[in-house]
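What follows is a set of structures for review.
One chain, chain A, links the two complexes that follow: it is found with chain B in the first and with chain C in the second.
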Partner chain A sequence: MRILITDSSSRYISRALSESFKELGHESMVIFDDRGFYLRGFHALTLSPFRNGARRLLSICKRRTGAALEKAVSAFRPDAVLVIQGDYYENSAISRIKDRFHIPIINWAVHDPVISEFFDPLRIEHFGSYSHILIADELWKPCVYFFDTPVSYMPLAGDPMVYRPLATEKDIDILFVGDFFPPSPHGTTGIVHARVLERILRGGYRVQALARHRGAVLPFVPKLAKLSLIRGPRSPLALNALYNRAKIVLNLFSLDFKYDAPESLFSVALSGAFQLAEYKKNIPLLFCESVICFGSLSELETKVSFYLHNAAAREHAAETALSAAMRQHTYRIRSEAILKIISSHVK
Partner chain B sequence: MKKRVLLFGADGYDNVSVNMERAFRAIGHDAERFYYPPQAENKVSFLYRVLLRTPFQSKALRFFEDYKRNLGERYISKIKEYKPDLIFIIHFSSITGEQIRYITQTLGIPVAWWVMGDESLVSRYTPFSVDTYTFCTHLMMADISWLSTFRLLGDAKISRLPFAADTHLYMPLRREKKFDVSIIGNFSYNVSAVIQRIRIVERLCRDDFHVHAVAKGARQFFDRYPELRKLDLVDEFYLAPQVNEVYNQSQVILGINSPQAKSDPHVRVMEIAASGGFQIAEFRENTNELMEGTVVQFESLGELSELTAFYLAHETERKKSAHRAHELVLKKHTTTIRARQVIKEVFGL
Partner chain C sequence: MNRKKILILSGGGLDRLAESFQLAFESLGHTAEIYFEDRNSASLNYFKFFSRTPFTHLCLKYWEKHKETNSRQYEEKIMAFRPDMIFMYNFNSISVRLFKKIRDIYKIPTAYMVFADPLVTDKLGSYFLTNLIYCSHLFFINPSAIPSLRLVSGASMHFLSLAGDPRFFKPLNLAKDIDIFMMGQFSSISVATVTKAYILDYLCASGFDVSAAGSGLNELIERPEFPHLKKLAVIASAPLSAEEVNILYNRAKIVLAPEHPRDKDAPSPRAFEAALAGSFPLADYQRDAEALFEGNLVTFRSVREMAKKVRYYLDHGEERENNAKKLHEVTLWRHTYLERAKEVMNTVFPRERTPRI
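So, the complex of A and B:
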C-alpha cells in the first residue's frame, strides 16, 4: 500500500509512522502542512484584534496548503492519506482530493478538535470531510461524532528506535520537560504545570527543567526561581538522553487531554526512565497499572518522597512500563491498526 | 443554622448565579448576588491581546492581572460590607488568585467555586485565569472530565456538583404539542458548538422531520447548509419562560450538550426534564448514572433519526420517559438541592 502522511513539522509522529509503514512493507511519504512564515504568522494574528483580516489571509494560505496536498497526492498516487490533526486544510480541499482520486483520507486528531476554535472559530467543521476520524483521547468523541464519519479511539504511542534505555548515570533527581507559556491554544497548561512544580520546590527537592518562558510565570509563581533550567535541544534523541539521566521524570500533560495522554507518556516509558505521571483515567488501563500516577498535589509529594529514595521500586516500575509500552504502544503497532482501518475503506 | 452567602457571578450561563441566589434564599439562608460588569473591558482586552502577541507577553499577563486586581477591589469592599459566611462563585473572572487568598486566609471566609467550563477552552484570551482557582477552599465540578486539571492546582476540597434546573423557571404546563421536534440554542456565536448544532439539525431536516428552531443567527448558515432552510426558524433569543413554553409545546426536544462538557449532562438536559418535556439527548457517559436511565440518548446522527421517528410515533413512551425524568429532576437535580449540597459541603450542615 502507498500511504501519504501530512503533519505539522513540529511533531515527530508522522516520521515515526512513516518508518513503521515502511518496516511493514508499505510505501510511505511525509509532507508538512505548516511550511512558511506567513501561515504561522496569520494563525497568530487570528487571536489579535485584526483577526478578520488575518482569517481571510489564513484562508488563502489554507487553500494553497490544500493545493499542495493535492499536488503531492497526484505525484505520489497513494492508496490513502493520513492527516495528523490537519489544522491547515479546509474541508473543500479534503473533499476534492477524495472525489478526484477515490482514496480514503483519515484524520488522526492528536489535540481536542474543539480547541482549534482558538484560531478559527468554525474550524471544527473541516473534520466533516474525512473518511474516518481517529481520536487520541477517548473523551473527544463528543466533539466529532456529529459528522456522521466513523470515529475510532487511537491512543498515541512512542518510537522505540529513538526512545530506549541508555546506560547513563542518574544525575538528575527530578526532571520536567515543558513550557510555562506554550503557544496558543495551550497557554493555560503552563500555569497549571508551574503550580505543580511550585509544590515540589516548596518541599526542597532539586528539580531540573528543560522549559521555556519561565519569566512569564515568575510574577505569579515566584518559587519557580529555584528551578534549575537546562539549556539544550529538544530533539527526540536529546530528550531520550535527558530522560535516561533522571531518577524521576515528572510527566505533566496538556490540558486538552482528559482520559488519555500525549506522546510523552509513551516516550518516557520506552526510554526506560521512571515517570510520575499526572493521573488520567485511561493510563492504568493502557499500562496495566505499571505507570505510577498522581491525582493530587499531596499524592505527588508523597510519591516523590518515596520513589526518590527507593531505586529498586523505581527500576521495577520503569521496567514494567517499558515492557508494556514495547508490547502495546509503539508506532509500529499503531501503524498496523491504521492499515486495518485503511483496508476497510479501500474498495 | 442560617448562613450569609454572597454570590459573585456574571450574566450568562443561563443566569445560574441568579437562580442560585434564589435557591439559597429558598432554603432559609441570606443570599445576595453581586456583579459589577467591567466597563472598560474592551479597551483593556484590546491592549492586552496586542501585548500578548508580542515578545512582551510577561508584561501583558501582569498588566491584565493588575486590571483584574482593580476590578476585584469592589468585590473585596462588598465582602467587608456584607460580612458573608461563604463566597459562592459562578462564571466570573473579575478577581485575582491573590485576592481570593486574602479572602480565605486573612478574612477567613471560605470561597467555593462552581466550575461550569473547561478551563483549557474558556480561557481563550486570559490563559492564566485558571490560576484564580488555586486559592479557593472548595471547587465544585459540573463535569467530571475537568477534574484532573483542577486537582493539580492547589489544596481546595474538590467535589462533584452537576448542573441543575431551576424549577421556578422550568415546569410542566398544559399546552398543545404543536411542534414535532424542537431545538433552542444560540447560533450567532462563531464557536464549535454551533457547528455541532448545525450538523445535528441538518440531519433531521434532511430526513424530513419538522424542526422548530429558536436559533438566533442560524440564517447566516443557510448558504453553506441549505437543508437548514427547511427549519421552522425563530431568529431570536428566548428567555427562560419562553423556552419553557416551547419545551411544553414540543413532542420531542433535542437535549444538546456543550462540547466542553464531555462526560456529564449539560444544564439544558436538566431544564428540559424539569419542564416535563420529552427529550432525546446527546450521549454523555454520566447521563445514565445521574438521570438514572430516564433520558433517551443518541450516539450517532443515524440513531438520532431513528429515535426521533420512533418517539414521534409513540406518544405513550414519550410521556412515560418525560414523566420519569421530571420526577427524578425534582428529587435530585434542582438548584435548591444544589444550594443544600453546597452548604453541606462547606459547613457540614
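So, the complex of A and C:
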C-alpha cells in the first residue's frame, strides 16, 4: 500500500508513522503543511479593521495548501492519505482529492477540534469531508461525531527509535519540560503549569526546567524565580537524553487533553524514565496503572517526596511503564491500526 | 435555612440567567440583587486583540491593573450590601487583591457558575482562570475541566447543569405550524455557529421545511459554505425575547437543540427551554443528557441519524407529544433555576440545607 502523510501538527508524528509504514512493508511519503506562523498573524488581524483582508489571506493560504496536497497525491498516487490535524485544508480540497483519485482521506485530530475557534471556526466543518476521523482524546468525540463520518478513538503514541533508556547518571531531581506562555489558545495551560511548579518549589525541591517564557508569568508566580532553567535544543533526541538524566519527570499536559494525554506521556515512558503524570481518566487504562499519576497538589507533593527517596520504587514503575509502552503505545502499533482502518475504506 | 443576602455579579450573557437566579433565590426566601458596574469596558476589546498576538503575556499585567480600577466600586457595593454570599456568572471585573480581601477579611463565600471550559476555549481563558482560583465554590455545567483546575485552585468544585425558567418557557396550546425549528445566535462565525449551520444545511438539503430565528441569520444564509441554507425559513434575524422564543417553541413540532461543541457532555440550554415549553427537543448526543432527562431526551449521533429521527417524529405526532409531556414533567421537577439555586445554597451553606419542596 502507498500512504501519503501530511502534517500540520508535529513533524515527529508523521515521520515516525512513515517509518513504521515502511517497516511494515508499505510505501510512504510525508509532506508538511505547517503554516502556523501565517495563521496566527491572520488570526490576530481578524480582530482588527483589516479583518476582511485577513480572512481573504487565510482563504488563499488554505487554497494553496490544498493545491499542494493535490499535486503531491497526483505525483505519488497513494492508496490513502493520512492527514495529521490538517488545519489548513478546506473541505472542498479534501472532497475534490477523494473524488478525483478515489482514495480514502483519514484525519487524525491530535488537538481538540474546537480549538479551531481561535484561528478558524469554519475549520470544524471541514471534518465532515474526511473518510474517517481518528481522535487522540476520547472526550473530543462530541465535537465531530455528528458529521456523517466514522470516528475512532486513537490515542497518541511514542517512537522507540528515538525515546529509549540510556545508561546516564541521574543528576536531575525533578525535570519539567514545557512552556509557561505558549501561543494562544494555550496560555492558560502555561499558567496552570507554573502554579503546579510553584507548589513543588515551595516544598524546597530542586526542579530543573527546559521551559520558555518564565519572565511572562513571574509577576503572578514569583516562586518560579527558584527554578533552574536548562538551555538547549528540544529535539526528540535531546529530550530523550534529558528524560534519562531525571529521577522524576513531572509530566503536565496541554489542557485541551481531558481524558487522554499528548505524546510526552508515551515518550517519557519509552525513555525508561520515571514520570509523575497529571491524572487523566484514560492513563491508568492505557498503561495498566503503571504510570504514577497525581490528581491534586497535595498528592503530587506526597508522591514527589516518596519517589525521590525510593529509587527502587521509581525504577520498578518506570520499567513497567516502559514495557506497557513498548507493547501497546508505539507508532508502529498505531500504524497497524491505521492500516486496518484504511483497508476497510479501500475497495 | 436562615434568610441570606446574595449579591449577584454578572456581566450578562445567557438569556436572563442572572435574573432567573435572582428570582429563584428570592423564592427560597433570600434577598438577592444583581450588580454590574464596569468602567472602561471598551478596553476589553484591546485585551482580546492582544491575547491573539505574541504579546499575550503583556495583557495579563495590564488586565490586572484594569481590574484594580474596576474593583473600587464593587468593594463599595459589597461594603454597603453586606452579602452572605457573592454569586458570579460571566463576570471578570474584580482584582486578585479584592478576591483575597473578600476571602480573608470579609469572609464571604464566592460562588462562580462556570459555563465555557475555562482552561481551553475561552478567548480570555487565562484571565478568567485568575478569578476561578480565588473563588470558594465553583459550579461547572461541564465537569471535564474540574481535574485540571483542581491542580491550581482550592475551591470546592461541583457539577451544576443548566436549567430552564418556567416563568418564560411554558406550554401555550398553539397550533403546530412549524415543522422543525432552531433558535440560536448566529451573528459571529464561531465553532458553535458553524455546527448549527451544518445541521440546518443538511436538513434543508434533505428536503425538510426548516425554520430558524436568531441574530445573524440573514448573513449566514448567504455564506457559500452552506449553499442549502437559502431554503431556510428565517423567522427573525435578530435577538428575540424569551416570551417570543417560547411562542416559537410552542408552534414547532420539533425543536433542534445542538450543544456548543466546546461544552462536551453538557446538554444545550435550548433543550431545557423547549422541554419546559412542552415542545419536542431533538439534541445531539451528550453523555450527561441521558441521566439528566431520565432517558426522555431524544438524541442523534450523526446528521444522517438526525434526519431519520426528524422524519420519524414528524410522522408520529402522538409519540412525539407523549415524549414531550414526559420531558416537560422531568424538566419542571428537576431542571428549573429554583432547583439550581437550592443546590447552590445547600453546597455553600451545607449546615443549613434547604429541604426539597
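The rule is simple: the second predicted complex is superposed on the first by the 327 of 347 C-alpha atoms of A that agree within 3 Å, B and C clash if a C-alpha of one lies under 4 Å from a C-alpha of the other, contacts with A are read in each partner's own complex, and residues count from 1 in each chain.
What we mean here is this: a residue touches a chain if its C-beta (ideal position, glycine included) is under 8 Å from a C-beta of that chain, and two chains touch if they have at least 3 such contacts.
Remember, predicted model here, so these are calculated numbers, not experimental data.
Peer 1: Taking chain A as the common reference, can chain B and chain C both be placed on it without clashing, or not? Answer clash or fit.
Peer 2: Chain B and chain C clash in the superposed model.
Peer 1: Thinking of the overlay built on chain A, is A:E278 touched by chain B (first), by chain C (second), by both, or by neither?
Peer 2: both
Peer 1: Looking at A:S298, would you say it contacts chain B, chain C, both, or neither? Reply first, second, both or neither.
Peer 2: In the superposed model, A:S298 contacts chain B only, not chain C.
Peer 1: If we overlay the two complexes on their shared chain A, which of chain B and chain C does A:L339 touch? Say first, second, both or neither.
Peer 2: So A:L339 meets neither chain B nor chain C here.
Peer 1: Is A:I124 touching the first partner chain B, the second partner chain C, both, or neither of them?
Peer 2: Touch status of A:I124: both partners.
Peer 1: Of the partners chain B and chain C, which touch A:L308 in the superposed model: first, second, both, neither?
Peer 2: Neither: A:L308 stays clear of chain B and chain C.
Peer 1: In the superposed arrangement, which partner chain does A:M161 touch: chain B (first), chain C (second), both, or neither?
Peer 2: neither
Peer 1: Which residues of chain A are in contact with chain B in one complex and with chain C in the other?
Peer 2: Residues common to the chain A contacts of chain C and of chain B are 44, 47-48, 112-118, 121-122, 124-125, 128, 139-140, 142-143, 145-148, 181, 184-185, 187-192, 195-196, 213, 216-217, 219-220, 255-256, 258-259, 278-280, 295-297, listed in rising order.
Peer 1: In the complex formed with chain C, which residues of chain A make contact?
Peer 2: So the residues of chain A touching chain C come out as 40, 43-44, 47-48, 112-118, 121-122, 124-125, 128, 139-143, 145-148, 181, 183-185, 187-192, 195-196, 213, 216-217, 219-220, 255-256, 258-259, 278-281, 295-297, 300.
Peer 1: Over in the complex, which chain C residues touch chain A? Could you list them?
Peer 2: Going by the criterion above, the answer is residues 45, 48-49, 51-54, 56-57, 60-61, 118-121, 123, 125-126, 129-130, 133, 144-145, 147-152, 189-191, 193-195, 197-199, 225, 258-259, 261-262, 264-265, 284-287, 300-304, 306.
Peer 1: Flag every residue of chain B that touches chain A in the complex, lowest number first.
Peer 2: 46, 49-50, 52-53, 57-58, 61-62, 65, 97, 119-121, 123-125, 127-131, 134, 145-146, 148-149, 151-155, 189-192, 194-196, 199-200, 203, 257, 259-260, 262-263, 282-284, 299-302
Peer 1: Okay, in this complex, where on chain A does chain B touch?
Peer 2: Interface residues on chain A, with respect to chain B: 44-45, 47-49, 112-118, 121-125, 128, 139-140, 142-143, 145-148, 181, 184-192, 195-196, 213, 215-220, 252, 254-256, 258-259, 278-280, 295-298.
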